[in-house]
Amino acid sequence: MQDDIVLKTEDLTKHYGGVHALDGANFELKKGEHVAIMGDNGAGKSTFVRQITGVEQRTRGKIWLYGKEVNFTGPIDAREAGIETVFQTLALADDLDVPDNLFLGRELTFWNWLGPFRFLDYKAMRQATIAGLEKTAVKIPNIKNTIRNMSGGQRQCVAIARTATFHSRLTIMDEPTAALGVQETEQVENIIRQLKSVGEPLILISHNMRQVMDLVDRIIVFRRGRIVANLKRDETDGQDVVAYITGAKGDDVADVA
Amino acid sequence: MAETSHGTGGLTFDKSKRAWPNELNIFIALILIICIFEALGQLLPYMNGQSLLFDTKGRFDSIFNEARIKIIILQVSIIGIIALGVTQVIIAGGIDLSSGSIVGASAMIAMSFAQTELVNGNPNPKAIFGPWAMDLPAIIPVIVGLLCGMLAGIINGVLIAYTRIPPFIATLGMMVSARGVAKWWSRGNPISFPTEDYAWIGSGMMPVIWFVLLAVLFHIILRYTVYGKHTYAIGSNEDAARMSGIKVARHKVLVYTIAGMLASFAAIILSAKNLTAQSGMGLVYELDAIAMAVIGGVSLAGGRGSIIGTCLGMLIFGVIISGFTYLKLDAFYQEMVKGFIIVAAVVLDQWRQKKAAAKT
Amino acid sequence: MKKTLLVVGLTALMSTAAVAQELGASIARFDDNFLTVMRNGMTDHAESLDGVSLQVEDANDDIGRQIDQVKNFVAAGVDGIIVNIVDTSAGAAVSEAAGDTPLVYVNREPDNVNELPPTQAFVASNEIESGTLEAFQICRNLRAAGKAGGAKGYLMNGQLSNQAAVQRSKDVHDVIGMDMCNFMTLIDEQTANWSRDEAQSLMTNWLSAGEEFDFVIANNDEMAIGAIQAMKAAGIDMAAVEVGGVDATQDALVAMQAGELDVTVFQDAFGQGRGSVDTAIALSKGEEVDSKVYIPFKLVTPDNIDSFLDKN
């Protein structure tokens, strides 16, 4: 196995009863690489993400992270292994502010002998939050604001800033701009460029062709649970990709993505 | 001064701006209610210009009517202790209907270990156990009482967290069962005449002192500890909390256990104050406690509220009860107004939620 | 061997069953102090009688449940039923539910008390006596203390929906209306829901108004004790204030011995319970019984307290 492979899956498969949501996905992601996953609704993109991040247990197949085979029992395992995910349904607590959400479940604390009543190190968490926000160039008017009082774009930014704050080894974003306006989308795209410039690998699920063409190195197309195309951005164009998405092209499955 | 810092993209974020805290609104409501009573004292002819909070007639040594200020706090402080627990339960997205019954059961059981042997030189006419249980150190009934609340709270929490019974149903069951225990314990007979040490726990302004200590403690815990943060997170978005690695079920058990123990501590203070425990004690206290929290801005939807808010809600309660007695108005009106304020608080909360939802 | 024992046992059971009196009782609530003493009177008395068995149920302050309990007793074929009615205005429904089974109302007077059939009766104390005895004794004490020129005080009501509370307060007003006692005036009257804790708060609230007063009349002892605890906490000399209650509970008698409570009225709860069992047995044997059986109230003061110490 090569050293520069961040993530590799082999025959990754998930069946929901009779539904073959994901079928034999072979996938590789290299260091510093940004890859987009495209495909129609129901093609199996989110299912793929859920298997990698341990949210669900796969039907079969193998996963390696940085060359080591992994078997996550839950999302916490995956997170501890360095995979930060911005889920399609944002996992944010509406009534907490930005640092609280960033550090939820992994708070910085002192007086740890107090067990569940150990004290929160608000100052350290705030500083780390600000550092994370700066690193990703995320713009949030007031980090003491609760998520409830934020726009969709700001919420998305908070979810994304989590990844930057924790120096993740792999970032996955599932349709991060689907619900956003033009300006907000631009903001998220800026963050993604930022991640690219600091060399953090990324898997981006998106329906937005312009965005994908702008941002990533490589495009993977899913159709009916299978990977049907593996295209270098520089060697393809929008029409080509759409042909794969709709099934006009490539009914024979690409072997290794 | 607005402290700003610059992100690499030339984007800014302001770290100092703070939202108008909801507690301030409640404080204003409290002041408003006091002003209404003061005005009525001046306007109603039969009141002869009496004042609610001030000593206008020079009967006491200070400009305030200290006796009334004391009773306003004293009469609500015991239910206030229950409300501290209820606040946490509601913030965590639950509800606890059993606290009043836990008061009844804990008071009965604790008091039966707090009795004194001789009353006016005669044997205690209400003795529950033999001489072995007489004149025990006060710490024993206190521990026994707290264990009762702890047990009830653990049962509540386990039912809710692990069997997924809705909190309303689980604690309703506990409300009925714990009241049953309270009646069964001495077959309905009151248990009276505690030792002096036990009575001290509830004597004079002690209930207020206990309340203040516990309120400060839980204010700190809710605001500055991991326990508090997770309580808010669970009530705010349980799935997010679970995805973030919080052990949601275990945390809920802890929250309900703390609420149960606070209810039983209220029972200890109440029985010590009254020098008796009766199986009907604490009847509908749970509703008053919930009302204090809701009036204090704790959202029934979970995730929002604070100990400071609940304390203010409690004071509004106290002012209303004292205010009506001061105006010599019947209890009927007091109950009607209490009901109205609770409904108004809930409506206000829902309106606030809608407004927040509309913004996004 | 085993078989013979079983047969002997069965015959024994059947023979006792043949002569036994089975009674059922439905009590408004188990957590009421007074009703508990009354209930103890019933169960103790039934136990002391040969061949009488008594099953007691808690109606939990729910009239619907109480009527069901009565019907269940009838269906079980009991010989007599005792009812401490939840809602005094539901007498007709309870009487009908009992059908031909003998029925005794105890303590609380049903509204159909004057139309009871011959198989039914009412055992209680005459409520009009208690408030009158209490208020009149307070009036006499105030006179004896030289306050006949004018005395002010407070009245604490029981639950406002309760007949006894309404009656006792009315009696107090009637006594104050009498020529002999019209030197007494009420500063305020409020409910403390029979509860010691609420009475403590109410009394403290009154005290915070800072008005002078000479007496506190409460509809029951628990509230009187609550008032006393509040006054003691405020440093008021209990010898200077006349305090009255009703029930003569143990706690009240202890307060009276300590010189804090001045007047209470003994309602013979135990006697009412005993009387209801006796009346039910008499009715079930077909004996003729007065439709109203009164167990008298008795005034309790420090002078005669000794004869009540072991009663309740």
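Annotations
The letters A, B and C name the chains in turn, as written, and every chain counts its residues from 1.
In the analysis below, a contact is a pair of C-beta atoms (placed from the backbone, for glycine too) under 8 Å apart; a residue touches a chain by one contact, two chains touch by 3 or more.
Since we're looking at a predicted model, the values are computed, not measured.
Contacts with subunit B and subunit C are shared by no chain at all.
Comparing chain C-alpha centroids with the centroid of the full set of protein C-alpha atoms picks out B as the closest.
In whole angstrom, the spacing between the mean C-alpha positions of subunit B and subunit C is 33.
For the pair subunit A and subunit B, the distance between mean C-alpha positions equals 44 Å.
With centres taken as mean Cα positions, subunit C sits 73 Å from subunit A.
Looking at the complex, you find that subunit A touches subunit B at residues 55, 75-76, 79, 87, 89-96, 100, 104-107, 109, 114, 116-120, 122, 126, 130, 133-146, 148-152, 187, 190, 194.
Touching subunit B in their complex are the following residues of subunit C: 29-33, 35-36, 39-40, 58, 160, 188, 190-191, 193, 196-197, 200-202, 204-210, 226, 229, 233-234, 249-251, 254, 257-258, 309. The part of subunit B that touches subunit C in the complex is made up of residues 50, 57, 59-60, 65, 67-68, 70-71, 74-75, 104, 119-120, 122, 125-126, 179, 182-183, 187-190, 192-193, 203-204, 270, 273-276, 278-281, 321-322, 325-326, 328, 330-332. Within the complex formed with subunit A, the residues of subunit B that make contact are 5-9, 11-15, 17-19, 221, 224-227, 229-230, 232-233, 235-237, 239-241, 243-246, 251, 254, 303-304, 356, 359-360.
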